[in-house]
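Heads up, the next two complexes both have subunit A, just with different partners, subunit B and then subunit C.
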Partner chain A sequence: MKISDLTYEHFSHKCKYEGIKIELAQSVISLHSQYPDLLESVFSLYSDYSVSEAIADFKVELTPPLSIRRYIKKQVCFKCNSKEPFMPLPRAQAFPLLEWGLNWTATNHINTHLLIHSAVLEKSGNVLIMPGTPGSGKSTLCAALTYRRGYNLFSDELAFVGAEGDLVYPNARPVSLKNRSIDIIKEFAPDIVHSNVIHDTIKGSVAHFKPPANSVKNIKPARPKAIIFPKYQADLPTKQLKLMQKEKADTLLELSKHCFNFSVLHYHGFEILGKLINNSNCYSLEYGGDLATALKAIDEIME
Partner chain B sequence: MDHQTLLSRVLKQPDYVQKLNTSNWQALISQAYSTDTICKLAQLIYTDSLKKYIPDSIHWHFKSALILTESHQIDVNICMDKIIKSLSGVGIKPILLKGAAYQASSLKAGKGRIFNDVDFYIPKDKLNTIEQILLWSGWSYGEISNYDMAYYKEWAHELPPLSHSSPCLTIDVHHNLIPVTSRITIPIEKLEQEANISADPRFKILSTRDMILHSAVHLFLGEEFENSFRDLNDIYFLLEEALDTQPKFIESLKSRAKELNIEFILEYCLSQINYFYGSLPGINQPEIKVKNKITDKLFNIVLDPEYKLSQKSALLYKVANFMLFVRAHYLKMPLNILLKHTLHKWRAGEKSPQTHG
Partner chain C sequence: MQDSKPLLTLNKVHPDIGETFFQYSDGLVIYHRTSKTMLRLENLLSEIFTFCLDHPQGLSDADIIKLKCGESTSKNNIADINQALSGLKSKNIIVNENIRPDI
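Coming up: the complex of A and B.
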């Protein structure tokens, strides 16, 4: 049964009183919250996910703090199995906090895969990994590839690389966009459902876009094909790009800095990363303002 | 009164997992994560004989926990090597404390026990020398205000946490076991006299009964209870292992507590062990005479993983935590210092510096 098969009343009742178990590709979360705005966002952006009967891997709660900030200048807390990894945030940021919390949940519990901070997309059985520092434009490219080029969204944030380094696992969740990217993608793909834009978060203005139903349904891993380090360059003429092959050794050094659990996996993490890179073509891509030019270059690599 | 939670029952008797249904497993996983005992649980139940009783969909939690445990052991060894390298010229063997001690001595309590800092004790007269040597060998204090530095130096029982320039766990250097301002004092020389060489001969460890008492002092005089269940579980495993070979261990433990003048702490400790793990040989529940029944009850609440996880009991859990927090400050800081300290922290809008054990 999918979330969309429930009425909103049934769904919100479950969240409020017993917790609703949502099946993500790599884990089952049991979500508990009373906030109507949060529940509405979850109901609309997670509508294609299955409601699970299985044991929940993580009990996730979004609740008001037990302090004066419950009533005045209201705040919201994220809890995972009673642990609070973040300071409470302003009440309006409940949905982004849930999304950040779910990322934290994965990166702090899952050591059976190597986890890399990157956008991950799949096309015809081939996986593209785009690691990127903030401002590199990886999320914008990820959203554009997902919503306009028919790529299968694996994740806008986290690559799950299997223990043998030859498979990458999907973990589709809403795509998080910030500031100017929100308008760019709204213009580029006007029909995509998204959450309200939440302003003044630690990352600026944030909105989440609904993942395509096919990406949610797909839970099969695929083989890595390319690793591209994108970099948006404001001073480059809009339609220009600089695409360069990247040395595998350089890629390994740079990519290791984007891993969440590299140090936990020790030499095994090094081996997985080495195999992943040996299985992939590696590039750096600097692009100017024009998304279409960048997408065309990526398409050619993924052919 | 015996109130074994699902988690304490399984930790005590791992083959109990054969009887768990789906909702039990659900509770067990959440309780283990919530109390930071998932790695310990994995050691005990993700074994050749018990694995088959674990539902397939949650196997990965235990695999992942074992990977973390292995990695943590490597990290601890690296850190210990660094400590020894730095201290080799001083000619003293540090006494490891808490998690690091359990691991170095290959005690059951150390298996799957994850910790963030390596704690060790050195005599107070060597403190300045050792601080200097550590600072010269790549360790440094993180950002710390002048006030907090003075707090540690004057009132605490340890140096502020030291971290190393290369990847390494942080270290806590103790020169006493409880803050020097406390109403209770522990004659530290007596503990030193009983300390032994650990299985890792580069270090010493406290005798088992002193280890238990130290852990109990930390837990029952502590002001912060986030890890309290895990610490109680350490004590349970230390007790259980000691009782295996020494049937009269409890008597020895009690006489030691009397000698160190911390009998009331041991009483709370045995009462909580009895409450969460059921009776142990040598401990008769009716004989446990806790000093204050309300305090005992408050410990029942803050230690209980079920209270910690349930939304319904969130307020009660928070209130119990706060009351014990006030009690700990009362016991560990004379009123004049407490007022001075609270006033400063209130004006600066900060939290108290965290000292451990």
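Coming up: the complex of A and C.
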């Protein structure tokens, strides 16, 4: 049964009183909250996800703090299995806090895979990994490839690389976009459902876009084909592009800096990462403002 | 017995270096287990590392002479190799044992 098979009343009742178990590709969460705006966003953006009957891996709660800030200048707390990893945030940021909390939950608990901070997409059985620091434009490219180029969204945030380094596992969740990227993608793909834009977060203005139903349904791993380090360069002429093949030893060292659990997996993580690089072509891509030019170059790599 | 000069020098890959390493056109990447860091070796360093790896029992004087003067590194002079060897030793990538047979 999918979330969209429930009425909103039934869904919100479960969230408020017993928790609703949502099956993500790599874990099951039990979500508990009473905030109507948060529940409306979850109901809308997670409508294609299955409601699970399995035991939940993580109990996730979004609740008011036990202080005066539950009444005045209201705040919201994120808890995972009763632990509270973050300071409370302003109440209006409940949905972004849930998404950031789910990222934290995965990166701090799942060590069956090597986790790399990157956007991940799949096309014709081949996986594209795009690591990048904040502001590099990886999520913008990821959204454009997902909503306009027919790529399967594996994740806009985390690559789950299997133990042999030859398979990457999907973990599609809403695509997080910030600041100018929100309007760019709204213009690029005006029909995509998204959350309200939340302003004044630590990342600026933030909105989340609904993952395509196919990406949620598709939970088969695929083989890595390319690793591209994108970099949006405001000073480049709009349609200009710098695409360069990257040397692999360089890529290995650079990619290790984007891994969340490299130190946990230790030597095993090194082997996974090396095999992943062996299986992939590696590039750096600097692009100006024109998304279409960048997408065309990526398409050619993935053909 | 003369004990002032080693009769045999052994240079072996340090046990902290895992069995797996990755060699690419721009260098060789190894993993150091104790410090949990990756190290990239280029050019002569990577050549000496793989030479040591091919000689798991360690290098004899003859091997070192071969490394210094042999086919693979003939273009490099001895000072470069000595510097590279001591660099690899200082990073705990290879170990050095001086053996003086008690004969």
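Everything below uses one rule, namely that the second predicted complex is superposed on the first by the 303 of 303 C-alpha atoms of A that agree within 3 Å, B and C clash if a C-alpha of one lies under 4 Å from a C-alpha of the other, contacts with A are read in each partner's own complex, and residues count from 1 in each chain.
Criterion: contacts are C-beta pairs under 8 Å (C-beta built on N, C-alpha and C of every residue); 3 or more make two chains touch, one makes a residue touch a chain.
All values reported here derive from a predicted model rather than from experimental measurement.
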Which of subunit B and subunit C A:Ile277 touches, first, second, both or neither: second
First, second, both or neither for A:Lys248, with subunit B first and subunit C second: second
First, second, both or neither for A:Ser256, with subunit B first and subunit C second: second
Contacts of A:His266 with subunit B and subunit C, given as first, second, both or neither: both
First (subunit B), second (subunit C), both or neither touched by A:Thr112: first
First (subunit B), second (subunit C), both or neither touched by A:Asn81: first
Touched partner set for A:Ala56, first subunit B, second subunit C, both or neither: first
Common interface positions of subunit A, toward subunit B and toward subunit C: 263, 266
Residue ranges of subunit A in contact with subunit B within the complex: 28, 32, 54-59, 61, 63, 66, 80-83, 109-112, 263-266
Residues of subunit B defined as touching subunit A within the complex: 22, 25-26, 29-30, 33-34, 55, 57-58, 60-61, 63-65, 67-68, 70-71, 74, 167, 308-309, 311, 314-315, 318
Touching residues on subunit A, where the partner in the complex is subunit C: 247-250, 252-253, 256, 263, 266-267, 270-271, 274, 277-278
Footprint of subunit A on subunit C - complex, ascending: 18, 20, 22, 24-29, 31, 33, 36, 38, 40
